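Following this line, the structures themselves.
Two complexes follow with chain A in common, the first pairing it with chain B and the second with chain C.
== the complex of A and B ==
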């Protein structure tokens, strides 16, 4: 072997040791553990036939899908505005919009409690203005808003990066040919942004599918899959089921991101 | 029609900013308000922050230690690994890159369960801070590898190395003297990302922690469940103060590294 190749292997050695000991072996162990329950590998069939787990999976997919669509709509509108217009305080505004990127799910949950909890802002406003009660933090609405809270900044950054690379001359040409704003958006702008929209939508969806901290803080009885896994593991000590559900959740989110990357191709890397 | 479109854009952007910002501001203000229910008229105080420090200072120090540990691991493992991956293009290298990036796609809860299954019975390790550090390294390492790889992919590393090799530099000298200095913007961006993400990591840490190894986000979850709103808010304020400068620096470094990549 050449000295160069020996050195390349040596440089990869720390990663090989770490990933072997703390990623490959634990994941293998997790998959094994899912088959070590009383029903063996038949557990996967039982999980897929269990109405409670399937309802949780359905709810998780539904809320994650809705959040991705809502985040795409909001973030694309804001991104086009922020990229096209120059105004005082623009960079501060972008900074403020990306500020929740570093928030863990628990903090996002707390933000939603401050907005829509029993002691929250909305409830206080509703009480003072209309003598009504408005508490939504601990419901599906609260969960949706929490996921939206951490999805908007992620999607915004990717879409803004892509929108900066769009050629304004294309839209100008479409306009001069008589296309209205809606037609320009539909036929020129959105197709140009498509790879970034697919990529950031998939990331938002996968993040929401695996999100745990937000649901945990809102402490609801909403059955989203990560909460079910947590309950099975800690309260029911049902380790095989928790492991099997983790394997299913991990496979689904990984496969989705993989597909989105193959679909959006090189443009995903270019768009961030 | 165009004015209406612009108005709509401004309204949506404004609503998004309000949605993201109002609760964060509420939290910051509540953390220094004497009594949340009586509002700001009850006066400003740092008592709640002091109370947080009394109760949770250890979680702040622990999170800083673990973040620095994750940074050290990312530098020692991630930078050489990115170099190796950049030098060995081909299917195997891409497959390894995809595999070590799994923690970006697989939920933290699943990774934590996997670690617990394998190492949970190894008590000395299970109850130590090292166990949490391993989880954080697992989650943050891909960010360092990707940041450095992006720079290596953009600077024509083979040509630089060829020149150095022709001048007689052995492989390790080329790594230290050519590859690492050229990758510096990527290393900086990766380093800030690793530290920021480690300080905020919850999903893995919640499963891996013990009562004696609580980190800042674990302490936050604890305070949200059991403390009065002012204490929880003051604690969140402490977190904001720690993480915001890091976030700003991280975005600056990422933009700078992007500039080098172009």
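== the complex of A and C ==
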């Protein structure tokens, strides 16, 4: 073995130790734990047949999917605007938009309560103006807004970086060939941004699937899977079920992301 | 003006911030002409091309006309122009055929018709074999041909090309220059192309408009441009002429190193220039002008000799490759027929 080969192997050692000790080992332990309950591996069948768990899974996937799509829509339009226009206060605005990156989920949840809770700003406005009640913080709507709030900056930064690299001549070429704004967006801009959209959308989705702090702050009875896992684990001390649900959550997230990536990859390849 | 494919009237462009890229200028391009916009970088030639295309709007008061119709207010997508960009700007998410057919697709042309036209245009550009290729599988020269095919596929009223050869390496550029000239004539379409390379402009264009600091200083056929430059700057820029300086007396131009025949009459403030090909080395006994060689560079087909002391500045002379001109030697110079360029003294903008 040559010296530099040995060095390369040595350089991989820290990662190997880290991956072994803190990634693979706990993961293996988690999977083992899910089979150590009274019903053994049959637990997975019970979990998958449990309507409450499945409803929570469905809601988690739905809210995460909606959050990803909404974040992509908001952040892409904002990114295209911010990249193409130079105006006073632009960098302040970008800073403000990326601010939520610094907040933990608890703070985001807190802000949603301040906005849409019983004592919230929206409710006060609705009461004073229309003599109505407007409370949405403690529901899926509140959760959706909270997740959206911290998904937008992640998507925005990635899409802005990609939009800055787009060759402006490509859009001018499409326009010179007679393409209107919609056709330019559909045929040139979005295909050019596609890799960034897929990557940042996947991050937003995975983050929302596993997010817990916001949901926990808003209400303890919101049925998303991370909340169910927490309840099973800490309150019911039902470790095997919590472990099995964790494995299911991980597998479902991974599978959906895999599907989205290969679908998007095929769409990019076949584009035009 | 209805006979002209393109007419510009008082077209200027001032960028936000106050820089005037194009000063008010007028230009008429007759139907079927191939016009070259030639100038150094930053002279406003690309901005002028973008004004014709509709990618830029002229300052108020300027008008752009196509076939006599005012298109000043039309954006690029409504002007029906074909455009070839410096980077070619081929759509990476489409095949070659997809690129070439794109303009027809967004116009809602039927599939079969698009396929037929794409095939026809690719054949015209000698690029039929590339139809199903992806853009990233093309060489520089192939990209250029596909960009050209894409621009002409929609049968544009005018074809606009922004530095169409500058993305290619030097060896390829010369071959593709002649190929481009052939193709443009095959399309039989009014074309305007931008270049900073005088050889390119002279080789391709029917007429060359020389631009300097936002102005068109001369628009002429390549031969007229070369033989009768409008001022000293054009003479220097096209063909690399050098100022001789000196004073005229009795049909001769008196110079530090002797004299050159300069039969009049001349304008009182005429200036005299000479290109590297305008002078030749001669035996000192026959020569009326003498200078000292400072450098001699062998270029294969000729010897490029730099000479001091003959004129007020340094002179460059292209001599025969076997000429004897070692640095330090004093050599005689003779004017070749038609070698002297006389231009009126003009004020030169900075």
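Criterion: the second predicted complex is superposed on the first by the 229 of 272 C-alpha atoms of A that agree within 3 Å, B and C clash if a C-alpha of one lies under 4 Å from a C-alpha of the other, contacts with A are read in each partner's own complex, and residues count from 1 in each chain.
Throughout what follows, a contact is a pair of C-beta atoms (placed from the backbone, for glycine too) under 8 Å apart; a residue touches a chain by one contact, two chains touch by 3 or more.
Predicted model only: the values in this text are computed from it and were never measured.
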item: Touched partner set for A:213, first chain B, second chain C, both or neither; value: first
item: First, second, both or neither for A:25, with chain B first and chain C second; value: first
item: Contacts of A:180 with chain B and chain C, given as first, second, both or neither; value: both
item: Touched partner set for A:63, first chain B, second chain C, both or neither; value: neither
item: Which partner, chain B or chain C, touches more chain A residues; value: B
item: Which of chain B and chain C A:167 touches, first, second, both or neither; value: second
item: Partner chain in contact with A:240 - chain B first, chain C second, else both or neither; value: neither
item: Touching partner for A:228 - first (chain B), second (chain C), both, neither; value: neither
item: Partner chain(s) touched by A:188 [first = chain B, second = chain C, both, neither]; value: second
item: First, second, both or neither for A:260, with chain B first and chain C second; value: neither
item: Footprint overlap on chain A, where chain B in one structure and chain C in the other make contact; value: 180
item: In the complex with chain A, residue positions of chain C that touch it; value: 53, 55, 75-78, 80-83, 85-87, 89-95, 98, 102-103, 106-107, 150-151, 154
item: In the complex with chain C, residue positions of chain A that touch it; value: 167, 169-170, 172-180, 183, 187-188, 191-192, 194, 268, 271-272
item: In the complex with chain A, residue positions of chain B that touch it; value: 1-2, 5-6, 8-10, 12-13, 15-17, 19-24, 26-27, 30, 36-37, 73, 76-78, 80-81, 83-85, 87-88, 96, 99-100, 102-111, 113-115, 117-119, 134, 137-138, 141, 145, 165, 170-172, 175, 196-197, 199-203, 206-207, 217, 220-221, 224-225, 229, 232-233, 236, 239, 243-244, 246-248, 250-251
item: Residues of chain A touching chain B in the complex; value: 3-4, 6-12, 14-15, 18-19, 22-27, 29-30, 33, 74-75, 77-78, 80-82, 93, 95-107, 109-115, 119, 121, 145, 148-149, 152-153, 180-181, 206, 209-213, 216-217, 219, 226, 229-230, 233, 239, 242-243, 246-247, 249-250, 253-254, 257-258
